Amino acid sequence: MNGFARIVRRELGLALRQAGDSVVIVLFFVLAAVLFPFGIGPEPNILSRMAAGTVWVTALLAAMLSFERLFVPDYEDGSLEQLALAPIPLEFTVLAKATAHWLTTGLPLMAAAPVIAVMFGMPEHGYGALMASMALGTPVLSLIGTVGAALTLGARRGGVLLALLVLPLVIPVLIFGAASIEAAIGGLAVAPHLLLMGGMLLAALVLCPWAAAASLRQALE
Amino acid sequence: MRFFGEALSCVRGERLVFSGLDFSVEPGDALVLTGRNGSGKTSMLRVMAGLSRCAEGTVGWEDGTIRDDPERHCARTAYAGHLDAVKPVLTVRENALGWAQLNGGDEASAMAALEIFGLSDLADMPARYLSAGQRHRLSLARLPARPATLWLMDEPTVALDADSVVALNRAIAAHRDSGGMAVIATNVSLDIEDARRLDMTAGAGA
Amino acid sequence: MILQQYANPARFNRLADRLMPYLAWPAGLLMAAGLYFGLFDSPPDYQQGETVRIMYIHVPSAIMAEGIFVLMAVASAVGLIWRHPLAHLSAQAAAPVGAGFTFLCLFTGSLWGKPMWGTWWVWDARLTSVLILFFLYLGYIALKDAFDDPARGEKAAAILALVGSVNVPIIKFSVDWWNTLHQPPSLGVTKVAIHSSILLPLLLMAAAFGFYFGAILLIRMKALMLARRARGMAMAQAAGRPAAGQEARG
Amino acid sequence: MNGFARIVRRELGLALRQAGDSVVIVLFFVLAAVLFPFGIGPEPNILSRMAAGTVWVTALLAAMLSFERLFVPDYEDGSLEQLALAPIPLEFTVLAKATAHWLTTGLPLMAAAPVIAVMFGMPEHGYGALMASMALGTPVLSLIGTVGAALTLGARRGGVLLALLVLPLVIPVLIFGAASIEAAIGGLAVAPHLLLMGGMLLAALVLCPWAAAASLRQALE
Amino acid sequence: MRFFGEALSCVRGERLVFSGLDFSVEPGDALVLTGRNGSGKTSMLRVMAGLSRCAEGTVGWEDGTIRDDPERHCARTAYAGHLDAVKPVLTVRENALGWAQLNGGDEASAMAALEIFGLSDLADMPARYLSAGQRHRLSLARLPARPATLWLMDEPTVALDADSVVALNRAIAAHRDSGGMAVIATNVSLDIEDARRLDMTAGAGA
């Protein structure tokens, strides 16, 4: 078994011990979405109009919260030093972390998304696009998240700063994710949006591990 | 194979901590870094580990510097720093095993390492319940648990009780007998036989 | 290496002082000329009226806002790859200026929007992407100052500048994303769709802004360099050790 | 100068050294708000309809992120032990912390709220109620935040768990805050909403320091 | 005034760490807690400080237990644990002064304390630039910087260089001469004259 797989397994093992964490993320996802009807008032037409956008925005915010735990605990207890000193390229380590993060956070968010869509009364024919865009978008979030998390490692106010850095970078995901759903609802072509998101995913796969590894090295200097 | 550094100088926070330091460790050697607080022992160890890079000079092996082939250097080097890298949610065994396997060790070597530091009877206890010294022993057990030529230890005796210090010295001796090398940064006097000494204060700011 | 990393600023200062007049004077003169042509010697737009004159601030500042971020990204790359401290320094010096221009662009834009579109703000692709750019600038500044160890903040911010530079093309092409209220580029390399009486002050102001930026950049770099040096020496003094810079020279 | 004032000053001093931090919170506030038009689309009528709700929801989320730094740094570097051992009732210490938190986070959020309102094109006569409800609501957030932060101290994934505990508690603030603005816009009476929020503030002032202090003692055991 | 504990037993994580332990400290006394790792030294200190409460037994002064009047106990007690309570953004002086004032000390006493631990020349340096030992010394300086009868120290010698250990011993001696008391949990042998010893291993799990 190679280093990559080992690290993924380690992460999953830890996440399993702390299974609460993923649950909490999902609950936050739902709860944040639930807040809107409170704030905006229950008019069904407006809510269903907002459904696609709200799902994506709240998913983004929930992910934002999860990023902070990506490296911070390992950084503080010294595990990160050890990972950096393990005979595995740091880029792979980052990729493994991102993978584990997606499995423990992205997937649950995907699973919960339809629930919110239902609560907001999203039109039926939007669901396909919702799941597809989530499937393509959440990995991008995890990947970009690793960069933000690595950059803010050891920073004061880590969490918020991280959000501040990552949000501008993930906005394209949001735009096309929501747009694809709107398109599906409006009966327009969904493929182009999804293709674009696929492109982002590839770009993120190439760039993010590199950037994150670089900034992790800086953090450990 | 020799591990050595030449004309090393290190800058932390825009300040020159030490400069013009050389060192060299042969198989079977032990090098003890001494010097008052702030003289740069930890900084030097991190440079040796390849975590931080020095402002000047080169560190490496006879067959190439650290930068030439980081992978190889990592495979040869085991580092135990101030931080313990112990996960509270995992048991003592799982902690030891995880790091061992990641660095080419296995179940057997991991358990042997726990035995050395008298942790085998705590093996199935969640690391959360360990005391300061027990936790530090667990982090020290990472070194014998994996194959590595070079041991780097920062203040290894911190929080250790008398028995554990003895165990530590034995472990280091055994490692050296099998042709390993050890670099130890410490403020307390360790009785390690015929160890080279590097007084960081010498290079301080000079 | 130490010499390079902590070279005493004297040489740079000399260079900066020599360059300064060649930047400051043109900035002033071009600004004056641009303002004259822009405010007095150009016709009001037949539909936009006098408000069109906002453009002479708006467009150049928009261009600067984008350009400076690209410059920061390049400088950061240089700093990370060749570890040349001046590179990081220049990026840090440029950031607040770029943020300023971005704000100016947003501000003049919304000033212009009120009469033209009847609202201060619309969620138009270009406007929003400029807003994002503004946040990237602020994020860069925040990240740079967020660390206890300045050296770390510098490198982290540099990486952010690289990653963030993907946003600049987004601004450029954003106009095609949504239904946009905003002007499409009329200032192309090939075609020029504006009357010369408008184009002239526009170009003058753009040039003026460019020189102005150059001058400010040099001043800020000098200041930053001195500040860093002062910090290093103070700490070295406190610890009774020579500062790295002095050391290197000695 | 008594202990309370000393602690407030200490906190403010620290915040001042890290002035960036409050700024970052505000930026996140604005940024999170900016996300919605991306997701939901730029139609002015819908956005202005959402203004009140979005301002409050995002203010809530921003505050949520800031809570984490309330006790965690002091807990990790041992300052909290020392504060608990100082000859000052822990309740006062908590109150001082909450005060400082409001000054460094609540106030800036208040200051930024109108900006977002403008961007969402909120009707003019909503602004009075917006500021009033913020003035009453943000202190409540700070106070409830101390409880949540104290409860999740030492818990893994602190940030999210905290948000989860606090969100339900602050939903009333959100509801009445948004409602008061809607009322003002709709030309209805604002006072009753504001009175209710004042009541919440009083209740929070009495209960929160006590609850927070209790759970801090637990965390330090 | 005497500070004492009777029939103390402590449970950490569902495990009985020690039980049936008594101690008593007179003014001018020093009590050294010894015992192997995990024997409960830290736990005992935290009980004495009033941070954690023991499962059985009472701790207190002649004029009342800790629980009777926590405020008073806090005013009398200074605790230096594993954690340093040092803020990296503040200078060394600001760190020392802040804690001193909060506990009834003042500028003068704070600076004097820094002097004792040889930090006065670092006074204006941001604490983030301190090395492990320098930081730990700063945290120890909290004790003499404030009026307190009882000093509680957990592994005070960790990461200290030889000179600093001497300084520490002198500080403790001075404190005792002025009628103060000190309780010290340590794994290394400190040469503190005529100190009482409490071997935690005695009460361990018993």
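Note that the chains are named A, B, C, D and E in the order they appear, and that numbering of residues resets to 1 at the start of each chain.
Rule of thumb we're sticking to: a contact is a pair of C-beta atoms (placed from the backbone, for glycine too) under 8 Å apart; a residue touches a chain by one contact, two chains touch by 3 or more.
Note that this is a predicted model, so its numbers are computed, not measured.
Participant: Suppose you hop from chain A to any chain it touches, then on again the same way; how many hops at least until you reach chain B?
Facilitator: 1
Participant: Common contacts of chain A and chain D?
Facilitator: Of all the chains present, those in contact with both chain A and chain D are C.
Participant: Please name the chain that ends up farthest from chain D once chain centres are defined by their CA atoms averaged.
Facilitator: Result for max centroid distance from chain D is chain B.
Participant: By number of C-beta pairs in contact, which two chains lead?
Facilitator: Looking at every pair of chains, the most contacts join A-D.
Participant: Provide the C-alpha centroid distance between chain A and chain E, rounded to the nearest whole angstrom.
Facilitator: Spacing between the chain centres: roughly 46 Å.
Participant: What is the distance, in whole Å, between the centres of chain B and chain C, each centre taken as the mean of its C-alpha atoms?
Facilitator: 47
Participant: With chain centres defined as C-alpha means, what is the inter-centre distance between chain C and chain D in Å?
Facilitator: Each chain reduced to its C-alpha mean, chain C and chain D end up 34 Å apart.
Participant: Do you know which chain C residues sit against two or more other chains?
Facilitator: 132, 135, 138-139, 142, 146, 148-149, 151, 235, 239
Participant: Going by the contact rule already set, what residues in chain B reach two or more other chains?
Facilitator: As it turns out, chain B has residues touching two or more other chains at 13, 15, 38, 82, 89.
Participant: Show the residues in chain A shared as contacts by 2 or more other chains, in ascending order.
Facilitator: In chain A, the residues touching two or more other chains are 18, 76, 156-157, 161, 164, 167-168, 171, 175, 221.
Participant: Using the contact rule from the top, write out all pairs of chains that touch.
Facilitator: A-B, A-C, A-D, B-C, B-E, C-D, C-E, D-E
Participant: Provide the residue numbers of chain C that touch chain A in the complex, in ascending order.
Facilitator: Touching chain A from chain C are residues 80, 132, 135-136, 138-139, 142-143, 146-148, 151-153, 155-156, 159-160, 162-164, 166-167, 170, 177.
Participant: Contact residues on chain D for chain E in the complex?
Facilitator: 3, 6-7, 10, 13-14, 17-18, 76-79, 81-89, 220-221
Participant: Name, in rising order, each residue of chain C that touches chain D in their complex.
Facilitator: Going by the criterion above, the answer is residues 119-124, 128, 131-132, 135, 138-139, 141-142, 145-146, 178.
Participant: Can you list the residues on chain C that touch chain E in the complex?
Facilitator: Going through chain C, the ones touching chain E are 148-149, 234-235, 238-240.
Participant: Mind pulling up the chain B residues that touch chain C in the complex?
Facilitator: Residue list for chain B touching chain C: 9, 11, 13-16, 19, 38, 55-56, 204-205.
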